[in-house]
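To keep things simple, chains are lettered A, B, C, D, E, F, G and H as they appear, and every chain counts its residues starting from 1.
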Amino acid sequence: MTKRELEGMMEEVRAGTLAPEEAAARLRAAPFEDLGFAKVDHGRELRQGAAEVVYGAGKTAEQVCAIVRAIRRGGARRVLVTRLDAAKAASLAAAEPDARWDATSRLAVVGPAPEPDGAGEICVCAAGTSDLPVAEEAAQTAEALGNRVVRLYDVGVAGLERLLAHVGELQRARVVVAVAGMEGALASVVGGLVDVPVVAVPTSVGYGAAFEGLAALLAMLNSCASGVSVVNIDNGFGAGFLASRINHLA
Amino acid sequence: MTKRELEGMMEEVRAGTLAPEEAAARLRAAPFEDLGFAKVDHGRELRQGAAEVVYGAGKTAEQVCAIVRAIRRGGARRVLVTRLDAAKAASLAAAEPDARWDATSRLAVVGPAPEPDGAGEICVCAAGTSDLPVAEEAAQTAEALGNRVVRLYDVGVAGLERLLAHVGELQRARVVVAVAGMEGALASVVGGLVDVPVVAVPTSVGYGAAFEGLAALLAMLNSCASGVSVVNIDNGFGAGFLASRINHLA
Amino acid sequence: MTKRELEGMMEEVRAGTLAPEEAAARLRAAPFEDLGFAKVDHGRELRQGAAEVVYGAGKTAEQVCAIVRAIRRGGARRVLVTRLDAAKAASLAAAEPDARWDATSRLAVVGPAPEPDGAGEICVCAAGTSDLPVAEEAAQTAEALGNRVVRLYDVGVAGLERLLAHVGELQRARVVVAVAGMEGALASVVGGLVDVPVVAVPTSVGYGAAFEGLAALLAMLNSCASGVSVVNIDNGFGAGFLASRINHLA
Amino acid sequence: MTKRELEGMMEEVRAGTLAPEEAAARLRAAPFEDLGFAKVDHGRELRQGAAEVVYGAGKTAEQVCAIVRAIRRGGARRVLVTRLDAAKAASLAAAEPDARWDATSRLAVVGPAPEPDGAGEICVCAAGTSDLPVAEEAAQTAEALGNRVVRLYDVGVAGLERLLAHVGELQRARVVVAVAGMEGALASVVGGLVDVPVVAVPTSVGYGAAFEGLAALLAMLNSCASGVSVVNIDNGFGAGFLASRINHLA
Amino acid sequence: MTKRELEGMMEEVRAGTLAPEEAAARLRAAPFEDLGFAKVDHGRELRQGAAEVVYGAGKTAEQVCAIVRAIRRGGARRVLVTRLDAAKAASLAAAEPDARWDATSRLAVVGPAPEPDGAGEICVCAAGTSDLPVAEEAAQTAEALGNRVVRLYDVGVAGLERLLAHVGELQRARVVVAVAGMEGALASVVGGLVDVPVVAVPTSVGYGAAFEGLAALLAMLNSCASGVSVVNIDNGFGAGFLASRINHLA
Amino acid sequence: MTKRELEGMMEEVRAGTLAPEEAAARLRAAPFEDLGFAKVDHGRELRQGAAEVVYGAGKTAEQVCAIVRAIRRGGARRVLVTRLDAAKAASLAAAEPDARWDATSRLAVVGPAPEPDGAGEICVCAAGTSDLPVAEEAAQTAEALGNRVVRLYDVGVAGLERLLAHVGELQRARVVVAVAGMEGALASVVGGLVDVPVVAVPTSVGYGAAFEGLAALLAMLNSCASGVSVVNIDNGFGAGFLASRINHLA
Amino acid sequence: MTKRELEGMMEEVRAGTLAPEEAAARLRAAPFEDLGFAKVDHGRELRQGAAEVVYGAGKTAEQVCAIVRAIRRGGARRVLVTRLDAAKAASLAAAEPDARWDATSRLAVVGPAPEPDGAGEICVCAAGTSDLPVAEEAAQTAEALGNRVVRLYDVGVAGLERLLAHVGELQRARVVVAVAGMEGALASVVGGLVDVPVVAVPTSVGYGAAFEGLAALLAMLNSCASGVSVVNIDNGFGAGFLASRINHLA
Amino acid sequence: MTKRELEGMMEEVRAGTLAPEEAAARLRAAPFEDLGFAKVDHGRELRQGAAEVVYGAGKTAEQVCAIVRAIRRGGARRVLVTRLDAAKAASLAAAEPDARWDATSRLAVVGPAPEPDGAGEICVCAAGTSDLPVAEEAAQTAEALGNRVVRLYDVGVAGLERLLAHVGELQRARVVVAVAGMEGALASVVGGLVDVPVVAVPTSVGYGAAFEGLAALLAMLNSCASGVSVVNIDNGFGAGFLASRINHLA
């Protein structure tokens, strides 16, 4: 609830069109619907410029379906569900016929696909084939939020030609998402080649001293290239969401 | 070196105006000037949209001055030097009369101050008084790169009124930089209040289980608010640079 | 064994009503019953103001049932068994017909439900739907120990309205239990809103740099709000027990 | 700002005694005074039942004095300043003649000493002589907030008689603060002896695998005794504050 | 190969009863039998005062059986196999009829049980029921190496009476093995009660911030009681072996 | 792409036998074939002196087969696939009849076995039987890259004779690969016995404070013997590859 | 206080020679003298077979002197003070003329040197020259507790001959203390050469990935040699004390 | 002592030219000279192909000088002393007039400079100016061991042109040493450009999440480029030594 909305509501109270008790109650109750195990936030689409997103892991299929239903009942055109496994995706498809689910990204989008309305392109590049699930989560999230996405996969720095050959696509983008596990060097190299924001996503790809993504995370946080920021390990959704937000800045 | 520049140079070679050996030599030598201990990159201002930045820690005063001189000789209008202590700052001021240094941020800017030409405002908010050095590094970096900056300091989440009272400034900004040590909760709360990119900067403020900023870093990486990305602990410069880059997107 | 009990026993020895060897033997043998693999402490209910609690994980169904039986034989009205999976719960139900088990909290309560006799209400708030198992363990533990519990679920700080709308329930409580995974910011925000003890419970909800609850744990330990203390990751039982203890202080 | 205060202010708006713009401004400006580098919260004493506390580390002597002055100007009877070194303490004493500072605890209390008005006694026990600075910070904080404090020092578990000899003092307390470094076992042993809340404070006392208090912290978080919760390493203030809060519950 | 043996062999060489090439070959080949995947050390029983011990985890049933057979062929009276699961134990029993395997400790002893010939008793105490597998591995190892063992189980420090009641058994032992997970405080408390060597074994019992035994390990390494040393997490075998070695010192 | 190749291509451009657009396109496209999910690098065999190696973990059987096929289509005589489980190995064997797969090392080699053409022998030594999978991955990788390999297995430092008996094989090698888990001391002892490069491979063999190979990794990085370097935990392939590279230096 | 003493005291109570109140008071007060900041344990020499040891770090010179004086007043023949810096040592020497302090070990022994009365020799071996302070702390502690000590210094495993040449001294000892930093391999190698208890002491010698002794600590905990146990990093005192205890077992 | 030397010595024993007692004594005493605090290994130059190297940190100036003197007395032509600060270097220069010390690398070389006799060139590349101390330690070590060294400094991956321009020098080298702090990506990029062994040296350059070199260390261990191995953080000496060893392989 912004300052402006607060002033507006108070003006109504002064004008007598809104009782003070009602105003306080509205403050408390309006923005979300309480399902008991979850409070669905109907205001988020307005307030944050995007539909509510449901984190599918750690919820039962019933909870996921109930939350999606409530969000749509609140008027949302589109709902994203992340980290949804195949079984829950089947339940969701049964409940919401216009849900589409992708096995690689484990992302479900409920509702019609949007027209791309971002200012430019988002380039999602990934170091290796094993990073694809995370890269696709980023790419599909960005697409579901109205962005054109260019994919550059398997461009790890050990074979620099693969990346340099695509420097044109990289430099044409308005935002770059760099996805890499193991030593995560892709973020630094990409960061040195472009002059737009780079969102780095460490992945848990690797073994041994990769420590489930810690090596890539630390590397990306210490990138010697400026203009790079980092999201959580394997957080393709977060990167796609942030890239979209940057790409939609007026 | 972009694909376009490479094609251009090759066209010259074909036209006979550039010898092939010379082209290869230019590829190797042109973009920087070699000082022995450092290679000054005259191309970065063009390529990355900002002057070269010198990381002052771990360099001697002599090295800092020599690098700044070389960069300016290459035509740069403005040079930033980060993490510069008072003694080195004095040496720099002696060598470069138009250098300005700030004791809080330890940032030196050499050359004239720019006119703000970013698309909107950058809001830098900080949780506590002890976070000011990092917050000022972010704010002054952004100002030196041509941005208007709004500062909201001492707005930690334990006294939520302090932050909520300024939700207007927050929501008016085009990018928000959230600086916090200890538990770093500011990033999540701010992330839930705005619909623009939030650059989170963990600081090493705190003691004990703060583990020199690790607690805040992990908290920010796990922010439950979307649209938040993170830079290194105490990396005010990186946050200010990235915020400026986002604020200057066409 | 308190000083007073020791003095009492010595008085008996002096009075000749208790043989010294017997006194020493009693010291050694009295307070518990030895099952070989476990020593059941019949004195704990008196000494610590609550029934014995059995930690169900890492024990066989047979061991759980034998321990519960021994405790009840010692006169306890009520026994709690934590972290009990469904299979062991079935065994327990077969052995103790008045056992009730909850699938979400994995808590079993054997014996009649108590009348709430605490001084006030305990408010258990949780950041997200995935935190419910831990939150319910806290809430049901507190109820089984004689407390009225108010639940506030899905009030994570990324949607601050959800929490602020319930500030009344929060401020009415005598103790607050704050349950959160990921970045654990809920504890700090709640801590700033109330003037009663806040027991923070980090959960292992999250992924990547959440490091199985470490991020939330560190955040809560570094809370910038005063009056917050922390229990182990996922230790809903411990939080409910401590909250009950505070709520029953004379 | 509580729900009740919000309703009250809205009632004034409806009654015409308060202009809506003014109400919004008051919401934003009232609760604190902005010193630029800090926002002094005059409402905290009312809202949280204790004077504002200033964290002295990471602030200059000038900042500390200015903040203390502002807090007192706001009507506070008493201000605590924690982690204040001798030099800053001297500056504070010059500015505030009724400031008292203790070299062991590094705590300064500005204003008259309170009458103890807590419900019972707080027992602060410490494992070793090296833990005294933290233990005294806890004890003096509690005293400055109106509590009677009993000190049990050098009662580490390697010489159990020292602790057992004082089990009477322990069991008479309404809250126990257990301070220990190294292996931090004191918290578990104390937790098994009493039936009141135990606030455990790990200290950074020790070397090698103590890892600056990490060993004690982990031990205390894993205490096998119920009723124990933990604050940050070396956070004597936090423990004393929480103990006072529990001791002042109506 | 000891200095004395070396001198002896050289004497033979000088005496002409041993060819120099043969001496070098003997040095290289004598002490073990090469199975390809393992080199069986027939000399260890002499050199180290105990039969060869086979670490069963990470070996196939075939490898375990082949190694045991080779050791016995080398003349060993008794072979211990640690961390042997039920399936491999069945294979071993088929191959070696005099093998005895215990499901709790996962230890197999092949060959006749020894007469206790240690100087005194070994007391194995364990904090909780869940620590039994490790405690039994220690106890049975010690028994298989010729020691009398006294078991004290479920004597965790949260119920100090349980331990104090058995202080006699503790103080009668020549070596104490203290097994505990969670906060591992048992080692310190036991260490303060006895004047013999205490071998502390941290276990992976616990959850959350127990970090798979790390909390107990650190606690035991930092024990404030003198005379305590530590073996690896869950290393019951190592503790039993060392206790036996101490108990067999001439 | 080396400097020489770049100069050559430019010469062609100047000679008019290569159009500049074509040159740029070749730079971008030539070195690899894009399968969508992977970019196959046909140039690596020339550039790096070895066939392309496919990391089998984290790829589907279909992806593995498609990549192998593309590499062979590009003219490679031999392809290595690492970390391939039995099921994927069966798929590969069906697609490539000349594939050989080893269950211990999980390595597949597609194409004819090479003649050993390295300058000397590579000695692969391993501390225990459980280290064999990693040791064999190193040994078979080296063999597939044209090296003679000597294996010394089960030569852990606790039975020093086993290692010392083979000091001849060790000292005859041109490179030594030392494979060990647990405390990883083998690398230091071997490093002190030879005067050739030692490639140390920590393994995840062990339990408890081995922390999945971390203990061995740290030990090897801190080896007091000079001439030792380290690869990732369990990275037998990397060690074998590097050993081969050293053994093939002209 | 042992069971026997307790029974004895009770017998006195029954016989009327001891009032019950007095008995309880004696229990509480007898075993130590309270200096306020420390409780001096006069019973430890009897109970634990050694004089009280004062940990000098973290105490002021005044505190150290007061504690030593109290211990001697209690009848102790000898007091050890560990980790005492030169300045405090001078204060102690002024107060206690028969104090001897060693600059390498930082150990002070107050009182006459004992006759060696242990059963055998203790061999203290150290890997490098930098480990001497810790090794000497172990050796001098053992000597002050009545043991003959053999020193083997600079016998790190990278030059195995240095250690093997002294295998006789090693194998003659009744207990071995193995001191090493860096990779800590000495403990495993020594453990494989002897059949007596080995007390391993990791030191903080090293840099980088030695992580202040963590690498050596983990290596020693994972020693593949049986019979090895570990004390805290740099804890020479603890090793010497434990070795003495083993060497004095009846 | 190699097998051949052992056989030789035994032959002498058999021939009667060497008494057996003498042979054993020689085995024990020959290879080093005992200074009490250090055992100087006169055999290392022969056995390991390089002069003894003295680790200067953690030794007094007196110890350093005594060890150097003993080594030279043993016939060594050249001694290296690493990590020597200016004060100790002055002492060494006074004692050994032909000692040369470099302030950047803190390396002292005592004795005449060698003629380069390695097979090829060693290329030492470093990412930033702050990495120079470590890079120079590597380069000067290699030079002191008889290698030609090419230096490429300030070639971090954020400005890829700087590195690519020197790909010729890189590819001409026989071994590459890659020195980098922060995210350590240089090792992977270099590893992809060359077909010779790459020795990666992480440095402690950086701040925050660089964790004193841990980020670079993990990145280098996880390098996606084959042929890369890693030495300890800041271990320039180790890298230079290993590079020399590889460069001197016959």
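Quick note on the criterion: a contact is a pair of C-beta atoms (placed from the backbone, for glycine too) under 8 Å apart; a residue touches a chain by one contact, two chains touch by 3 or more.
What you see is a predicted model; the values in this text were computed from it and never measured.
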Recurring contact interface, reference B-D, options C-D, D-E or B-H [over half identical by residue number]: B-H
Chain separated most widely from chain E, comparing mean CA positions: B
For chain C paired with chain G, centre-to-centre distance based on mean C-alpha positions, whole Å: 40
Whole-Å gap between the CA centroids of chain B and chain C: 48
Euclidean distance of C-alpha centroids - chain E vs chain F, Å: 38
Junction residues of chain D, two or more chains touched: 3, 27-28, 128, 159, 168, 208-210, 214, 217, 221-222, 226, 232-233
Chains touching one another, given as label pairs in label order: A-B, A-C, A-D, A-F, A-H, B-C, B-D, B-F, B-H, C-D, C-E, C-G, D-E, D-G, E-F, E-G, E-H, F-G, F-H, G-H
Footprint of chain F on chain B - complex, ascending: 3, 6-7, 10-11, 13-14, 16, 20-21, 23-24, 27-28
Partner chain F, residues of chain H touching it in the complex: 2-4, 47-50, 53, 119, 167-168, 171, 174, 194-197, 199, 217, 221-222, 226-233, 237-239, 241-242, 245-246, 249-250
List of chain F residues in touch with chain A within their complex: 1, 27-29, 31-32, 36-39, 41, 43-44, 55, 57-59, 63, 67, 202, 204, 212-214, 217, 232-235
Interface residues, chain F side, partner chain G - complex: 127-128, 156-160, 182-185, 187-189, 191-193, 206, 208-211, 214-216, 218-226
Contact set on chain C toward chain A in their complex: 128-130, 132, 153-155, 159, 161-162, 164-166, 205, 207-210
